[in-house]
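There are structures below to look over.
Each of the two complexes below includes subunit A, the first together with subunit B, the second together with subunit C.
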Partner chain A sequence: MMRALHDRLNALFPLGELTEQRPDLAFLTVPREHLRSIILHLRDLEGFSHLVLLTAVDWLEEGNFQLTYLLSNRGKAVDLGLRVMIPRDGASMDSIHDIWPTAATYQRELREMFGIQFPDSPGVNDDFILEGWIDMPPYRRDFDTKAFSAKTFKEREGRMTTDPEQHMKQQLYPDGA
Partner chain B sequence: MSVRDVLSPFTAWKNLFRDPVSIADPLKRQAAPRYRGFHQNDMEKCIGCGTCETICQNGAIDMLPVEGIPTKQGDSGLRPRIDYGRCCWCALCVDVCMTQSLTMSNAYTWVESDPDKFRFTPGVDKKHWDDAELGYVRPEGHRLTGELRVHMPEMEPDVRIGSFAEIVDGYSVEQAVLEADRCVSCGLCVATCPTHMAIPQYIAAIRDGNYDLGLKLLYDSNPFSGICGRVCTHKCETTCAARHEGDPIAIRWLKRHIMDQVTFDQITRVVGQPAASTGKKVAIIGAGPGGLTAAFDLAKQGHSVTVYEALAAPGGMTRWGIPEYRLPYDVIDRDVDVIRSLGVDIRCNTRVGKDVSLEDLRNNNDAVLLGLGLQLGRATRIPGSDHPDVRKAVDLLRQATANEDFGTPRQAVVIGGGNVAMDIARTLARLQKTAYGEVRVTLTALEDINHFLADPEEIKEAGEEGVIILDARGPQQVVVEDGKVTGLKTWRVKAIFDEQGRFAPSYDEADEQFHQGSMIVEAIGQMTDASLLGDELTERLTWNRGRIQIDAGGRTSESWLWAVGDMVHGPDVVTAVADGHRVAASMHANLVLKEQSK
Partner chain C sequence: MMREELKIRVVKGPDGVEFEVDPLRDYFCEAPPASHPPAYAKIVEDLFNWARSHSLWILGFGTGCGAIEMRPLMTPRFDAYRYGIAWRPTPRQANLLVISGYLSVKTLKRAIRAYEQMQNPKYVVGLGSCTINGGMYWDSYNTIKRLDDYMPVDLYITGCMPRPEALLQGFEDLKKLIRAGKAEGANQYAEKFEWYKANQKQVIHDWDMPDYNW
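What follows is the complex of A and B.
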C-alpha cells in the first residue's frame, strides 16, 4: 500500500528515502521546494486530508533541522510522515497555514522551541508556552538544560551526592595505601 | 454589586466540613505495557556506578550510601536516589544503566501530602510497584555505550611460534579513542588497582588526545606503566562496570597505548627533577619493580639511592621471568632509564653477600631496603625429581633471557598451571620450533581447566602454539631409564584440598598416564633466597610463615631494614609497585624524623 503510493508519487516528484515503519505508517524524505506541491497532491488526490502534527528534530552534528509533517488518510487509516531537511543556520521554512490553519499553531511552537522562522504564519512570533523567555530556544540541542536550571532556579533543600570513586577510597583504603 | 455577589464566597465555606467529592483514581486504569512510570532498582544487580546520575539531564539523581549495603570491590555501595520534583521520565538512566538494574514500572499514580516523599531510593524505599512486571526496560540491542571491546590485533600462532617477537600489536590512536569512548568514567576500578591508578582520568586523556596529561597521571601512581601496560594482571578489568553487559574496558591496553605514544624525553620532562638533596643515603637490594618503585619515590624526594642487582640487568622477574614475546626488553629498559634519570645508581652484577656485604650497606647508608623477589623454584619432591634433567621453570626462564643454551629438549613435560608454567611451556615451544621445527610440550596441572591460576588468554595462546594442556593430573614420578629421563607419570586428581580446605591432593590411582619427555620442568611456585641475610640477622629478624614480618610501612623488626615486593606480598608486578610506594613513604618519614631528632 505504502510502496504503491510511493511509486505513484515517485512518477511525479523527486523523492528521498522511504522508511516503512509499520504497514500503516511510513516516512518519506522530500526536497523542501517540492513539499508544498506534494502536500497538496496528497491532500487533494490521495485522501491525506488531516495534518496530525508538525514537529522538528535537531541534527546538530549535520547542521540541519528535520521537519516532520505527519499526514493522515482517515479513510484508509494510514499515516505518512513527510521529512524535510533545512539548514540549521538561519533556519526558515515556508508556512503551510493556508493549507491547514492548524499548522500555524505548530509553527508558532517550532519558532519558540527551535527558533525556526515561518514568515507570514499568523501570530508566529507570539509567546507560545515560554512567556518571557530570554535564552536560546530550549529544544535546540546545544541548549544546556542543566546549566540553565542551575543558574535560574534554587536547589531543593536536602540534596547531596557522593562520588563512587572517592567513596570507595574512603571505605576501602582510607589512608591511601 | 449585589448582596449575593458579596456573600457567595462565604457560602462556599460550608464545603470545608463535607467529605471531598473528588475520588482518588476512579478508573484504576493500567498504563501501556512499556509506559515509563516509576523507577525500580534491582539491589542484586546495582553496582552503584553512578552512570545514571551522570547522564541525567535534569540533575534528578543523587548517589548515596545505603545502610546494609557495604562498599566492596566492584560495588561502591552507593545507590541512586531520584528527585521526582526534577525527573522528566526520559528513561536515559534506564537506557545507560550498566547492569540493567534500573528499570521503570508502568505505575503512574502516587499520592502524598509531603512533597519530600517524592525523593526516594528505588529498591531501598519499598513501593507498591517494586514487583510490577510491566513497564520500561532497555530494548534489546539499544545501547548507549559500546558493548564490545575494540579488537586487539596480534600475531597469528603459526607466525609468532617462530620467534620471540612481541605478539600483541597495541592500539592505534583511532582504536584507542574508540575503546576509551566505551568507558563511562565511574571509577569503580580504581579501588581494585593495587596502586590505585587514576584510570578514568587517563582514559579520558586518551579520548581528548592529551598524552602529556595521560602520562602524568600514569607516573603519579606507577613508574612501571610501560611494563604494566603489557603484563599487568589487570584486576581492574574484573570490576569494570562495562563487564556486566559486555566486555570490560581494555584498561591495560589503553595504559600501554599512552606509553607507546610518548617519547623518552616526554616522560623525563613530565617526571621532572628530584627535590634538593637531603644528604640521606639509601641502599636497595634487588632491581625489581618493588625496589625500583621505592628508588623512584625516594630519589624524587632528594635522597641518594643506590640499587644493588645480582644479575646482569635490572627489571627483576619482569626481565628474567617474563618472556620477551609478552614483554620486550626495550620496554623494561625505558621504564628503568626514567628511574635512572632521577640519579638512581643501579649497580648490576653486584651480588650482596658476595661482592658487597650487607653489613657494609648498613654502615654506609641511613636505611636499607630488601627487594629480593621470589627467585627459587619450588620442588615437587616426587621420586626421580633429583635428576639433573628435572629443572625449575624460573631457572630456565632466566637462562633463556641470558641467551644461555640449556639444552632444548625435543620433548618436554611442564608441571604447573600458573602463568610461569605457561611462560616456560611457550618459551620451550619457541625454542623447539626454531631448533627442531616442531613443538612437543605437554603441560600437566593439578587444577581442572576452569580453575587454572594462569590467565585465560595465556592458556588459550599456549594451546594455539601447540602446547598440549592436561588438567587435573597429579605428578607421581619422574621415570628414569638408563640414567635418562623418559617422562612423567601422573594420576588423575580427585580433589586438591581436603575438607578443612588444606592443600592435600587426593588421586585416582587407577587413572595413570605416562607423558613422554626428556626434560621435566617444575613450575609450581617460587620462594625467596634470603641467604644473603646471614645466620645472625636471620635469627634476629621476626618471621611469619617463611616470610620476613613487616609493619604496614614494610619495616622489618630491625629499625634500619625494610622489605618490599614479591618476597613479602607474593608475585605480582603492580602489587610490588603499590608496595614500593608504601615502603618509600615509610622510609622517607623515618629519614626525615632522623634528621629532625639530630
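What follows is the complex of A and C.
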C-alpha cells in the first residue's frame, strides 16, 4: 500500500528514498522546495489529514538537520513520515502553520531547542520551555551538556561512581571467590 | 526582557484619578526578610517548638518525579495526616516546602517565590538524590545540583525515589529538629539573604520578579 502511494506520488513529484518500516508506517525523503505541495497533496487528495508530530534530528557529521513531518491517514490507519534535509548552517525552514495550526508549537520548540528558524510562524521567537537561555540551543549535538552543567551549577563534594559489576562482586564475594 | 504585566503603567482608578503603578515595587514588600531569633524563656520556646512540630503543613507543590511519592503518603495507604502532617493549597497556609526531586532552573524560580511567600516559621525538606547532588541529572543543562545553595534546607531524605516510609521517617526527624530548636532555616535565609540571592541570580538569567516575593 505504501509502495502504491509512493508510485502515485512519484509520478507527480521528484522523491527521495522510501523506507518501509511497517505495513502501516513509512518514511519518505522529499526535496525541500516540494515539501509544501506534497503535504497539501497528501492532505487534500490522499486523506493524510493529521499532523502527528514535527521533529528534528541533528546530523552533525553531515552538516544537516533532518526535519520529520509525520502525517497520519486516520481513515486507513497509516502513517507517513516526510523527511526533509536542510543545511545546518543558518538553518531555516518554511513554516506550515497555515496548513496545520499545531505546527506553530512544534516550530517554536525547534527554534528554541535546535535553533532552526521558521520565519512567519506565529510566536515562534517566544520562550517555549527554557527561560532566559543564554547558550547555544541545547538539543544541538555539539552542545556539551556536561561541560555546561559543570560550569553553571555548583557541585557537592563527595559524589562518587562505582562500576556496578565490580561493586556487586565486591559486595557478594568479598574474598574474590 | 521584562514581561508586559511587570512594566510600569498608568492606571485609571474607579474615581477617575489616574496614577502610576510599578508592579515590582507596589505589589511586593521592598524590605528584605528579617531574622526572628527565639525571644522568650526556654520553656516557652520549647512549648512553641513542640506545637510547631505537630502542625507541619506542606505546600502542595511538586517539583519533580518525587511528587508522585506524596500521593500515597497523603491518601489512606500511608496516611501522613495521622502524624499531624497536612497538605495545603497555598504558600500562605503552609510552613513546610518539600522540594520533591530534581529542580529545573525554571521551577527553581517558582520554588523561590513559593518559599518567600510562606510565613515564618518555615522549613524546607529536600527529597531524593537530585536535591542533594544532582542525582541522575548530574550532567543536565537545566537542573541545579545543590539545593542548599538556593534555599535553607533543614533536612534531606535520600533515595531515588525514597519510599513513603522513608518520607515519614524524615518528617519524624524533622519534628525532632524543630523540637530541639535546630530548624532555623527561615532565620538563616534572612541572615544570609544576600548570599542566597547572589546564588539564585547566578543561575536564573531572566530575573523578572522582585528580590523578595513577600
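Just so it is clear, the second predicted complex is superposed on the first by the 157 of 177 C-alpha atoms of A that agree within 3 Å, B and C clash if a C-alpha of one lies under 4 Å from a C-alpha of the other, contacts with A are read in each partner's own complex, and residues count from 1 in each chain.
We take it that contacts are C-beta pairs under 8 Å (C-beta built on N, C-alpha and C of every residue); 3 or more make two chains touch, one makes a residue touch a chain.
This one's a predicted model, so the numbers in the text were calculated from it and none came from an experiment.
Asker: For A:T145 in the superposed arrangement: first (subunit B), second (subunit C), both or neither?
Answerer: Touch partners of A:T145: subunit B and subunit C.
Asker: For A:K154, select first, second, both or neither according to whether it touches subunit B, subunit C, the two together, or no partner.
Answerer: In the superposition, A:K154 touches subunit C alone.
Asker: A:I134 contacts which: subunit B (first), subunit C (second), both, neither?
Answerer: Second partner only.
Asker: Thinking of the overlay built on chain A, is A:D163 touched by subunit B (first), by subunit C (second), by both, or by neither?
Answerer: first
Asker: If we overlay the two complexes on their shared chain A, which of subunit B and subunit C does A:Y173 touch? Say first, second, both or neither.
Answerer: First partner only.
Asker: So subunit A touches subunit B in one structure and subunit C in the other; where do those two contact lists coincide?
Answerer: 145-146, 149-150, 156, 158-159
Asker: Quick one: in the complex, what on subunit A touches subunit C?
Answerer: 129-135, 138, 143, 145-146, 148-150, 152-156, 158-159
Asker: Using the touch definition up top, name the residues of subunit C that touch subunit A in the complex.
Answerer: Going by the criterion above, the answer is residues 105-106, 109, 132-134, 138-146, 149, 203-207.
Asker: Once bound in the complex, which stretches of subunit A touch subunit B?
Answerer: 145-146, 149-150, 156, 158-165, 167-169, 171-173, 176-177
Asker: Under the stated contact criterion, what part of subunit B meets subunit A in this complex?
Answerer: 48-50, 53, 57-59, 62-65, 70-73, 76-78, 83, 85-86, 116, 119, 186-188, 190-191, 196, 200, 552, 578, 582
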